[in-house]
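Letters A, B, C and D name the chains as they come in the text, with residue numbers starting at 1 for each one.
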Amino acid sequence: MTENPFPLSKDDLLRAYRTMRTIREFEERLHVDFAKGDIPGFVHLYAGEEACATGIMMHLNDNDRIASTHRGHGHCIAKGVDVHAMMAEIYGRSTGACRGKGGSMHIADLSKGMMGANGILGAGAPLICGAALAAKVRGDRGVGITFVGDGASNQGTFLESLNLAAVWNLPVVFVVENNGYAESTAMEWAVSCDSYVDRATGFGMPGVTVDGTDFFAVHEAAGEIIRRAREGGGPALLECNMVRFYGHFEGDAQTYRAKGEVEALRASRDCLVMLGERVIEAGVIARAELQAIDGEVAALIEDAVRAAKAAPLPAAGDLLTDVYVAY
Amino acid sequence: MLNERIKPIVMPKWGLSMSEGKLTGWLKRPGASVALGDELLEVETDKITNVVEAGDSGILRRVLGEPGTVYPVKALIAVLAEPDVPDSEIDAFIDAYAAPATGGAGEEEEAGPRYHFAETPAGTLRYAKRDGTRGESGPAVLLLHGFGGDLDNWLFTIDALAESATVYALDLPGHGQSAKTLADPTLAGLSKAVLGFMDAAGIDRAHLVGHSMGGAVSMRTALDAPERVASLSLIASAGLGSAIDHGYIQGFTAANSRRDLKPVLETLFADQSLVGRKLVDDLLKYKRLDGVEAALRALSAALFADGAQAEILAGAVAATGLPTLVVWGEQDRVIPAAHATALGHAARSVVIPNAGHMVQMEAAGKVNALLKEHIGTPATGTAT
Amino acid sequence: MTPVVGIVANPVSARDIRRVVANAANLQVTDRANILLRVLAALRACGVAEVLMMPEKGGIRGHVERGVARARAHGEDPYPAIHPVAMPVTGTVEDTHRATRAMRQAGVSAIVVLGGDGTHRAVAAQCGAVPIAGISTGTNNAFPDHREPTITGLATGLAVTGRVPPHIAFAGNKRIDVAINGETPSEIALVDVALVAERYIGARALWRTENFRELYVTFADPEVIGMSAIAGLLEPVTRGESGGLMVRLSPAGQTSPPSGPRPGGTILRAPIAPGMMAAVGVTDWRRMPAGVPFVPEVEAGTIALDGERELSFTARDRLSLTLRDDAFRTVNVSGCMRHAAENRLLTGTPVPVSADL
Amino acid sequence: MSRKISMKQAINEALDLEMRRDPTVIVMGEDIVGGTGAHGEADAWGGVLGVTKGLHAKHGDRLMDTPLSESAYIGAAIGAAACGLRPVAELMFMDFMGVCFDQIFNQAAKFRYMFGGKAETPVVIRGMVGAGFRAAAQHSQMLTPLFTHIPGLKVVCPSNAYDAKGLLIQAIRDNDPVIFCEHKNLYGMECEVPAESYAIPFGEANVLRDGDDVTIVSYGLTVHRAMAAADALARERVEAEVIDLRTLSPIDWDSIVESVERTGRLVVVDEAHPRCNLATDIAAYVGQHAFGALKAGVQMVTAPHTPVPFAPSLEDLYVPSAEAIAAAALRTLAPTGTTPRSIAA
């Protein structure tokens, strides 16, 4: 009955909510299972940052490429990578997205345009320049999005890529996910320039800062920037100011954070809650509809964990496949 | 002036790229009597090792070349003369002999075969041409190599035949330095390409000399365009029976490395030591060219599928009455020498002992003599 | 007691989507710091020895401190002492509110504001009677004048040291109070209030003209950029005169009722953002007298204050808008400088030039 | 028809032919066109030593100059490869690998494995290697052992124009990342090269000279020194078999072992530094797989464990010489127990 006042259809809003809820549920579950010792290696959780990945990825198709970071689960899910395959990968199973050979930090699905999470900070930026170059050479209107944290934004690879993308006028969007911490170090201390918009300006491209916890703000700004790139307008930078609900990695005691900081962020800047409240308050979506999604997502994640645990480990012979073994 | 009674024996030049050769050993002692065609010495080049046969007769008066030593092409390595020629004249001859500059494998060399390219409907085809060395052109002779070969298979043939004919040697499509695309990988297709080449080169009629698959192509050409073919010389030819060593065809087509190719090539010769490093390398270089593998596979599928020759032309050729010579190496392991008699009385058939499939190289002197004799018969022959 | 000047410099203004949708300018942090150094030098030249500055984590303060230290290393001391306001930094508009209140309580004589319309609005909401000297950080502002900041600093210095009399040095400004459900005021605007149909804040900036519905301006200046330009191109209203203008807008190109322009409606081409000439459907407009509450016709949508979407409202919310004259004070830079020239305020020994020479 | 061209021309020709054959092949690098954006002549350099000269006129924008920014453009070449192009990125001097190594060994080399076989990275990174050009310590290194250490990379180092053309064409067609090392002192060396396209398979060493007395294994420039040494040895009636590895990853172990089983003696020549290089690698392999065939200790002839010196008099001592190789071969023929260990000449 109520007119939809949002720039997205009800279906798209539901899709956005489902994506964000899936990321949240996935990460919360990893948090619990990691603590139980079920998961090998390290995981870096994206909880609290869901609006950024989702708001951006809503504008992309499988032909658009993204290069992710070590904190990549949210990017994967928002780009359409199968949740079961992701969970199995994180559990090191042969049914994983990378057949158990990549793990949390290397989940990729090139068929979905997901060029990989990356364990090397700042390494995705040059790669996405190449993806954008390929799109430009083919003329297929594809764009490339690279994500970088405020910490890795200081990497030479990232800064060199800003220059290269501007020089070659590539359809690239550099997304700085500024959660305030380079691992444990404060962004204000570690980033000399203080403003990512200034950095972008310095490389001859526009930069925009948005509230990364506001799905609509990210979605609208990303939409304009991506459209600009797709139309040949060249690269741009989008800084999303966001919040990190967990530590740098699981097991991080976070003693560097102020007392009550995380609790306050969860109470006041939870992007998932804000999106839900906004659409309910506008009368576009009923609370029960969102609760139904919550239930479905919980079942999905539960099933993904169950399937991952039940899945076979890679065979010993898999050690030597998928690479030219020179010796 | 050189004494006409003294005959120099020099380091031979086999093919355009040869600039020097290693004398590996003498087969005649000094003072021995030498008849025309006698095996005199062995020479190893970077491509192949072969025997040098006497082009004259006489007494081997002086042996200058040391075994194990490398000499430039045309370097004087021995002297042949009748017994009554005084030693002093021989010494004077040797002193006066002007050895050519070493390393001077210049392309401007007089009278040697030259490589050319002809634009034909089958694409660009490479060929070598050597004008007759004695008198005006003489009849045209066209040499057609076999499966996977090229015009250098006629290394020892071209110069010998050029004494009395204008000699052409062709790289068939898919081979040598000719275009690697094969519009039609059948005998008919190759024959069409040969005729197209003859048109482009301005050859109305030629004596066709074909080796192996090239023999079958020659026969097909003689059947399709009898007016263009003066005679046939079929050397270890395909098309005379169904048997063929399929392992050779498959092995040659598939081999990608020296290790794989060398044993395959050894099948071609009675004396397997003739398969030197350079021969293998040159064939590998050919096989690596884009399009070659596809061409060989297409030919193999069209001509030798399932381990048997697809087209047997013996009966049809025998019926033409065209002057035909069949030559075989007794130890041919690719196509059996038994096929030599397939044409019955319609052809002269010679089987040469101690030679394999590459008989025109392994017994070059004998094959050349047979070819000269066959082609030297009245060119008009009985075909028309 | 020597006068103290407050300084509010916003490190994050002019970072929004207008950089992409309208080729708007960005003022880099280093440039913002350099502007402050120029203002500080001018203030010091006029005798201001101390300033109170809003702390921030955007990097301005670091650059300013480096500039001050470098001058001292030269043996120079051209700047006033800088005291940061003791307060936590949140990186939100709340910092501006809190700093402004603290400055007012500390008794500053004026506040120099470096920022966009939004920063000025935040200061104006809390400054009470303390005059504001505004400096623009971008190209998209209507409220602060576009002027070399050194001059703004000089004028402020002359004003707060009493060398320009207050009736010349300071001027009154209008504002619009927005009351939602009876709260007075819930929000304020210095230049314009726009009611738009979309009901989300999104990237804040206004550029989709098809959603424009109603516009209220304190002044209508055809020489500025933004929503005020729409009104200014219809019927100019100066900053000095009483009252403003109210404009009813509709999607451009729609000509038939009920949602299209009413009979007599028109389409206006206006520079609603830098480089962005947009077609705006105008239904009608009228004067907005001071002190008279206006109740919008739009039932639900978003309220944009000074060009930025700030909050959405629904049919359940009761809105009223009231323009107030003399709501807050600003430094009259032109007036100060003219007075300074006429009275040789910056001459060591005033020597009037003889007409005979 | 014998047509001789230089290695430089052969590389140019390989790029030209592959760009004609396959529209997904692009070529990028610093100054490979030269003068982009400047006001002088177009295609001014064609690479710092002119290797890519003339290609821009034929292929236009598929030949791209890059900023001096190796991390960015090598990474971009790798990213483009993962997205379906076949980029050839020129690193000018392989010594510059230091500033972009992450993109090569953590990204390109690992994608296929790390992503469970679901990614291919058909990128070629070509650059100059080797000493003897008076280019001093940062433009002269033979860093091949660094590359062979990394799984996932293929490493090529041709010794002549024919091989350079065929191996580069193979590298471009290969679906794995290939590090293509061009010895700058071989650029001008000519040999017979077919005008047509051809690909030389990886992992096949070239036996340049047959011999039954001692096996000399090398690659790149020192192959020619090894051949000169073999000629010198032949005058002493010692017949050396000379093996040119051509590709270092994959490496043709079989050819080495087959030869050593016949000769019983092995000299390994490597222009790289002596620790953990191709020479030690091959010596170890032969020790493990053909120990019974060895009649003498394996001799290694390498560059010294020093940076490449500038002074010509010093640099000439740096690269293994024919004399040092011949001396090493003679040591394998000396009675056991009398062979002194020696490195470099």
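As a working rule, contacts are C-beta pairs under 8 Å (C-beta built on N, C-alpha and C of every residue); 3 or more make two chains touch, one makes a residue touch a chain.
Remember, it's a predicted structure, so these values are computed and weren't measured experimentally.
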Other chains in touch with both subunit A and subunit C: none
Far-end chain from subunit B, centres as C-alpha averages: C
By count of C-beta pairs in contact, the leading pair of chains: A-D
Chain at the geometric heart of the assembly (C-alpha centres): D
Centre-of-Cα separation between subunit B and subunit A, whole angstrom: 70
Distance from the mean Cα position of subunit C to that of subunit B, given in whole angstrom: 97
Gap in Å, rounded to a whole number, between the CA centres of subunit D and subunit C: 66
Subunit A-subunit D separation of Cα centroids, rounded to whole Å: 41
Interface hub residues of subunit D, defined as touching at least two other chains: none
Two or more partner chains touched - positions in subunit A: none
Junction residues of subunit B, two or more chains touched: none
Pairwise touch network: line, ring, star, complete, or other: line
Chain pairs that touch, as defined at the top of this document: A-C, A-D, B-D
Of subunit B, residues touching subunit D in the complex: 16-17, 107, 115, 126, 177, 180, 256-259, 277, 281, 285, 288-290
Partner subunit B, residues of subunit D touching it in the complex: 1-2, 21, 162, 166, 192, 194, 196-201, 204, 206-207, 210, 254-255
Subunit C contact footprint on subunit A (complex, rising order): 3, 5-7, 188, 193-195, 197-198, 201-202, 206-210, 214, 216-217, 219-221, 224-225, 228, 236, 239, 241, 278, 281-283
Residues on subunit D engaged by subunit A in the complex (per definition of touch): 24, 26, 62, 64, 66-67, 69, 71-85, 87, 99, 102-103, 106-107, 110-119, 148, 151-152, 154, 176, 249-251
Of subunit C, residues touching subunit A in the complex: 11-12, 15-17, 19-21, 23, 26, 28-30, 57-60, 62, 91, 197-204, 300-301, 312, 314
